[in-house]
Each structure stands twice: as structure tokens, then as C-alpha cells.
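One chain, subunit A, appears in both complexes that follow, with subunit B as partner in the first and subunit C in the second.
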Partner chain A sequence: MSIEKRMLARELKLAAARPGDIFKPMWFLMLVISMVPLALSPDSVLLADIGSAMIWVATLLALLLNTEHLFQSDFSDGVLEQWLFLDRPLAWLVGLKLIVHWLFHVVPLICITPIAGLMLSVPTDVLIALLMTLVVATPALTCFSGLGAALTLGSSRSGILGVLVMMPLFVPVVILAAGVLIRATDGSEILPLMALLGAFSLVAATLVPIAVSAAIRLNIGGSN
Partner chain B sequence: MIFEPVSLNISQVSCERDDRLLFHNLSFALRSGDILRVAGPNGAGKTTLLRMIAGLFEVQDGVITIDQEPLSERRHQVLYIGHKPQVSRDLTVIDNLKFLTGFDEPVVKQALIDVGLRGYHDSLVKELSQGQGRRCALARLWCSEAPIWILDEPYTALDVTMVETLDRKINAHVAQGGLCLFTTHQLPQSLNFETLELGRVD
Partner chain C sequence: MSWRWFHQWGSPRWFYERAGRWQLVCGWLALILLVVGSLWGLGFAPVDYQQGNSYRIIYLHVPVAFLAQAMYAAMAVCAVVLFVWKMKLADVAMQAIAVTGLAFTVLSLVSGAVWGKPTWGTYWVWDARLTSMLILGFLYLGLIGLRAAIQDPDQAGKACGILVLVGVVNLPIIKYSVEWWNTLHQPASLKLTEKPTMPASMWMPLLVNILGYYIAAAYLVLGSMRAIVIGRERRASWVKELVGRA
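This part shows the complex of A and B:
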């Protein structure tokens, strides 16, 4: 079996063994969204106005929730250091892990956002734009929070620290996505901003695995 | 399987960690058939030295080569088992080994029988006892094609029978032209090894 197939088989089995990691962020997202009308106002015009932005931010937080410990258990079990002995560049293996993580932990989140959209009476065309921004932007967000997770592997309170470190990189993605949502609400052209978001994700997907592998090496070097 | 002759050269390696000099200008060479036990008190740098040779800890000063080639080129010839569990708790014994060794089910199952884990292949690692978990990690030795074995405290949590089985395996490995470095505080009875004593350098 090739190393890639072995990696994929292992990641799939780990995802199946930890269903909570997939469902907890989904519950979190639905919980936040269902609280918004209660805390704010059930006025559907107001909710439709802010709904898409609320859903976007809640999805970002849910994504951070399930990515902050991306490498933690492999690191503390000592399996991560075994990756260095596989006959493949570490950055390539990290890239595979990030792709599988996005498919199994982030895509389910995106899939339930239409339900959240209905709950906040977001208009259909804005909802479609919302889904598109999430599909295009979440690879970048997954990469950045994965990098935060890798950088803080060695420290005990790694979760929140990793998020803090990566915050500046989330900001442009959020601003661009918000721009798309505002334009979608106005009914103006969203393609240029979507292209920028896509470019962000592509650059992240190419460069971040290299940075993650350097961070992992650094942390493995510092541990026993 | 017979290995090609392999040599491991450690020359003038020094290590300082947290402002403490662990070892200084350490040089030795190992060839096919050698077994080296790295000994020394707790904190003497045994694990650090093994991790350096395995390429997990950066060599700050000095050179480590395998067959005159830098370590990074020959990673896949090294099998390192550290003192962390080395297996994922949420996966079954067989899934862990299939990932780590790349071998198919029959080979891995045979390895599990050899380490006394017959019938445990579908158990999750978190359901095993500590000694069984250790056996699971060590089962990789039974399906390894790497000539250089680096074992950090391999005897921890093993019972007498497993210690003997492991000794036999290490002997068979070096007889095939492999070489083995390990650390332990127990003296293996049936191994013919040399000892490298790491002490504190002041």
C-alpha cells in the first residue's frame, strides 16, 4: 500500500473513531444560531439583514473549535514523529491531513449552514453567496488554524494560543467574505471578491503545509 | 532477509540542553552486527542522543552519518521506537500497525502472534494494558525492513517472556546484518552488547 493510501485510511478510521469531533462543532453552530433570535429580536427583516454575517462568524468559530487540536493527539502519542521516517516530505503528508480534515470536519459544517440560514430567514440569493464564500474561504481558514495548532503543539494551553497567533491571518478572509455578503445583499457583482478569496485559499493551501511541517519539526525537536 | 552492510558514524557530537552540557565530543561507529546499550543516570542525555541519531533532535555540533551519507538522506533505513506510546489510542491494533509498517494484514497479524497479541488485532489500543500497548508498538520490529533500530527503553512494562522474545528478535536482527542501539536500566541477559556510558559533564 502506498504511503498516501495508508495516511488516508488512517485519517478516515480516526474520523470514524471520533464522531464527536465532527458533530460537536455542528451542534455549536446550530446552538449559536438558534440563540440569535432569542437574544436579539425575532423580527425577520432584522434577522435577514444580519443573518448571513452571524452564520459566517459562527462557522468560523466552530471551525476553530475542531481544528485547534488537529495534531495534538498524534503528537502526544508519538505517532507524529513517526511521520518523519516515512519516505515522503513531511509537508506533503501534512497537506493530506489538512485536506482530509477539511473534507470530514469542515464540509459537514458548510452543509448545515442552509438550515441555519432558514432559521434566520436569510434570502435565498444571499444564502447561495454565503455557501460559496464558505466553500472558497474555509480551506484558507483550515490551513491557518492548522498552522496555529502546529505552532503551539508543545505548550500545554495550546488551543486558545494557536487561535490568537493566527488571528491576523483570519482577518483579511473575514473582511473579504463580508464584502461578498454585502454585495450579494445589494445584488451587485460578487465575482471579483470571490476570486480574491479563492486566491487566498490557494496560496494558503500551497504554503501553509510547508510552514506546518517546519513547526512540527521544531516541536518534535523540543520534546522527548 | 539479509541486510546490506551498513555503518553508522557519530563523530564529535556535543549537546547542550537548557544550559547544561549533556555530552561533549562524543564519537563512535557502529557496523552491521553491533548492539550498543546507551547507559547513564536519569537526565544524562540518553534519549537526546538516540533522538539525535534518529534525526528527531537537531545535531548542534558534530556530524552523524549513515554509510557516509547525511542522516536526512537515509531516514527510511531507521526504525525508532521512543518511550511515547507510538500508537494511536483510538485505532485498532492492526490499523495502527498497517499504517506504521505499510505491510498487509497477513504479515501484521503474524507479527502480532509473535509478540503474544494473538486475538487482539481488532481491539482498540486504549483497551489494552500498558504492557500490551508496548507489545503492540514493538510488533513493528517483526515487520521492519530498516537495518538500523533505535529503541528507547524497549523493556519498560514487559514481562519476562516478552523480554526474552525481544532479546531473541534483536539477536536475529543483528545476525541478519542489522544494528541496534537501545537504552535500558535493566541488563538484558541474552544479548551480546557493548555499553556507552553517558555521565554528567561538568
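This part shows the complex of A and C:
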């Protein structure tokens, strides 16, 4: 069996062994969404106006929550060290790990956003645009928060530092996604902005794993 | 060709002594330029026909805003030097610039808020340049936090270097996306490629002040670099000698 296949099998087993890791961010997302009408007003017109933006922000936070310790267990049980000895570039393995993480931990999150959308009475066409932006944008977000997780691997007292460090870099993604949602609301063309968002995501998914692998190397043994 | 000029940068002691002299020069030069520029700008430049005297905060606001952005670029250069030539002094510079850069960012946000109240009627608006400056501040803060969280200085330096490089690639994207998102700020007062929209009697003192603030920033960075060098080399004999003498 190739290394990639074995890695995938391992990740699959790990995900199955810890269903809580998949479930908790979804739970968090729904809780945040339930707070919105309580804090604002149950008026459905008002909720429909801000609903899609609220869901976006809540999904972003939930994603950060479950990516924060992405490499922690692999770091402490020595798996990352073993990666260095494989005849594969570290950036490639990191990329695989990020893809698997996105599939198992981020896609479920996206899957429940329609329910949140219905609860905040977001119109259907905006909801479809929302789903599209999340699918296109989350790979970039996953990569960046993975970098935050890798940079703070070695420090025991980092807390949510990885999140704080990476969040400013999310600005372009959030702005573009918000642009798509605004256009979807007033019914104009969303494709150009979606293309930009996709381009950003692709570039991030190609380049950030290299930075992540540098950060991992740094935390293992210190020198390269 | 002798490589002495290059290798001496690897010696903390050489840098410490040399930087002390540079600092002295920078300090006096900055003081003279800032006194001249500020007196000229605050006392003698003409009154703006629209904003009255309140525009005069430009002589503080524009230089510090310039510097806040320039220092991030300077940090990126240091990060490249750190990774390519493994020069530890570049890491020291990065650490010094991060703190100074954050100070300038805060100063530009505060002076902008003070200026915004009389001209826009509010301290804060979610305008493009204010927002990207705020994000820049968070980037600086992240660097300082990351360094504080990692104990080994070498490792902390490299981690910060990675973050700076990722940040510098993103910074233009952030800037343009924010600009696209919303803009209501007056267009930039000084651009290198265009003729300024102000009369010479207004922008001349501004130019003097910009130069003055740049040199003052060099003074501050050199000072904090010296302090960091002393701290990191505290076990070296020359530092012990130096401290003993004092």
C-alpha cells in the first residue's frame, strides 16, 4: 500500500475514533446561530438581512475552533517526525493532511449551514450562494489556520494564539465572500467574484502547505 | 575581495558598538528635521481653505502612517536575510521593528481618529484605509505574540520569519480587497508618481517631517536592537565587562 493510502486510512480511523471532534464544531455553529435572534430580535426580515453574514462568521469561528490543534496529536506522538523520514516532500504530506481535515471536519460544518440558513430565514438563492462561497473559500481558511496551528506547535502556553495570528489573513476571503452574498441578495452576477475567491483559495492551497512544512520542520529538532 | 564588511555583521559586539554611534547621528538628525518640519508645518504653512487649522495634524499622521507600512516591508526584507544568510542580526532587527511598527500603527490610528472627529464628525469609520491599518496592527500584534509564546529565541525568530513572509504576500491583497470593499477616505495626499495636490508651502514641511520620522524610526529601531543584542548575549564576556564598567 502506498504511503498516501496508508495515511488516508489512518486519518479515517482517527476520525472514526473521535466523532466528537467532528460533532463539536457543528454544535458550536448551531449555538452561535441560536444566539443571534436572542441578541438581536426574532423579526424575520431583520434576520434575513444579516443571516448570511452571521452564518459566514459563525462557520469561520467553528472552523478555527477545530483547526487550532490540527497537528498537536501528530506532533506529540511523533508522527510528524516520521514524516520527515518518508521519501515524500513534507509539503505534500501536509497538503494531504489538510485535504483530509477539510473533508472530515470542514465539509460537515458546511453541510449544516442550510439548516442554520432556514432558521435565520435566509432566502433560498442567497443560501445557495452562501453554500458555494463556503465550499470555495474554506480550503484557503483551512490552510491558513493550519499554518497558525503549525507555528504554535512548540509552545505549550500558546492558547488560542494560532487563531489570533492567522485571523487578519482571512480578510480578503471574508470580503470577497461578503461581496458574493451582497450580489446574490440583489440578484446580480456573482461569477466574477466567485472566480476571484476560487483563485485565492487555489493559490493558498498551493503555497501555504510549503510554509506549514517549514513551520513543522522548525518545531522538530529546531534546526533544518 | 575581502568579505570582512559582510562577516562583521555576524558579531554582536561590533554591531552594538557601531550602532551606538549611528544612533547618535540619527538622533540629532531626526531632532533637527522634526523641529524644523513641525515648526514650519504648524506655524508657517498656510491654513487649509476647507479644513482650517485642523489639517495640521497631517504633519504627524502621514509620516507615521507611511512608516507603519514601510516597517512591515523592512521586516520582510529582514526575514529573507534571516532565511537566506542565517544572519541572527536580521532576527534581532525583526523583533525590534515589530514593536516599533506596532507603535507607529497605533499612533497613526489615534492621530487619524483625532483628525477624523472635526473633518468627518466621527472618530472611527469603516473606511478602507482605516480598516487596513487596523488589520496591519493585528498582524504586528500577532508577530509580537508569537515571539513571546516560543521560548527558544532562534526558533521564535524563524517562526516569526515565516509569518512575516506569509503576511507580506497577503498584505497587498488585504489592502486592495479592503479598498474595493469600501472607500470614503480622501485620496492619498502624497504619491511618488504624481504631482501633489497640495501647494508647495504645505507639502515641503511634510516632506521634511517624513524624512525626520524615518530617521527617528531608525533611531528607535537601532536602540531597541542594541537592547535585544545585550539581552541575548548576556552570558558573553564583553557584555559582562560592559555591565561591570557601567
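In this section, the second predicted complex is superposed on the first by the 219 of 224 C-alpha atoms of A that agree within 3 Å, B and C clash if a C-alpha of one lies under 4 Å from a C-alpha of the other, contacts with A are read in each partner's own complex, and residues count from 1 in each chain.
Here is the rule we go by: a residue touches a chain if its C-beta (ideal position, glycine included) is under 8 Å from a C-beta of that chain, and two chains touch if they have at least 3 such contacts.
Model, not experiment: these values are computed from the prediction.
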item: Contacts of A:206 with subunit B and subunit C, given as first, second, both or neither; value: neither
item: Touching partner for A:124 - first (subunit B), second (subunit C), both, neither; value: neither
item: Subunit B versus subunit C as contact partner of A:9, first or second or both or neither; value: first
item: Partner chain(s) touched by A:74 [first = subunit B, second = subunit C, both, neither]; value: first
item: Touching partner for A:44 - first (subunit B), second (subunit C), both, neither; value: neither
item: Which of subunit B and subunit C A:86 touches, first, second, both or neither; value: first
item: Subunit B residues touching subunit A - in the complex, by the definition given at the top; value: 47-48, 51, 54-58, 75-76, 78-80, 82-92, 95, 98-100, 102, 104, 124, 146
item: Residues of subunit A defined as touching subunit C within the complex; value: 147, 151-152, 154-155, 157-158, 161, 164-169, 171-172, 175-176, 178-179, 200, 207-208, 211, 214-215, 218-219, 222
item: Footprint of subunit B on subunit A - complex, ascending; value: 1, 3, 6-7, 9-10, 13-14, 17-18, 73-74, 76-79, 81-82, 84-87, 220-221, 224
item: Touch list for subunit C against partner subunit A, complex; value: 135, 138-139, 141-143, 145-146, 149-152, 154-155, 158-159, 162-163, 165-167, 169-170, 173-174, 177-178, 180-181
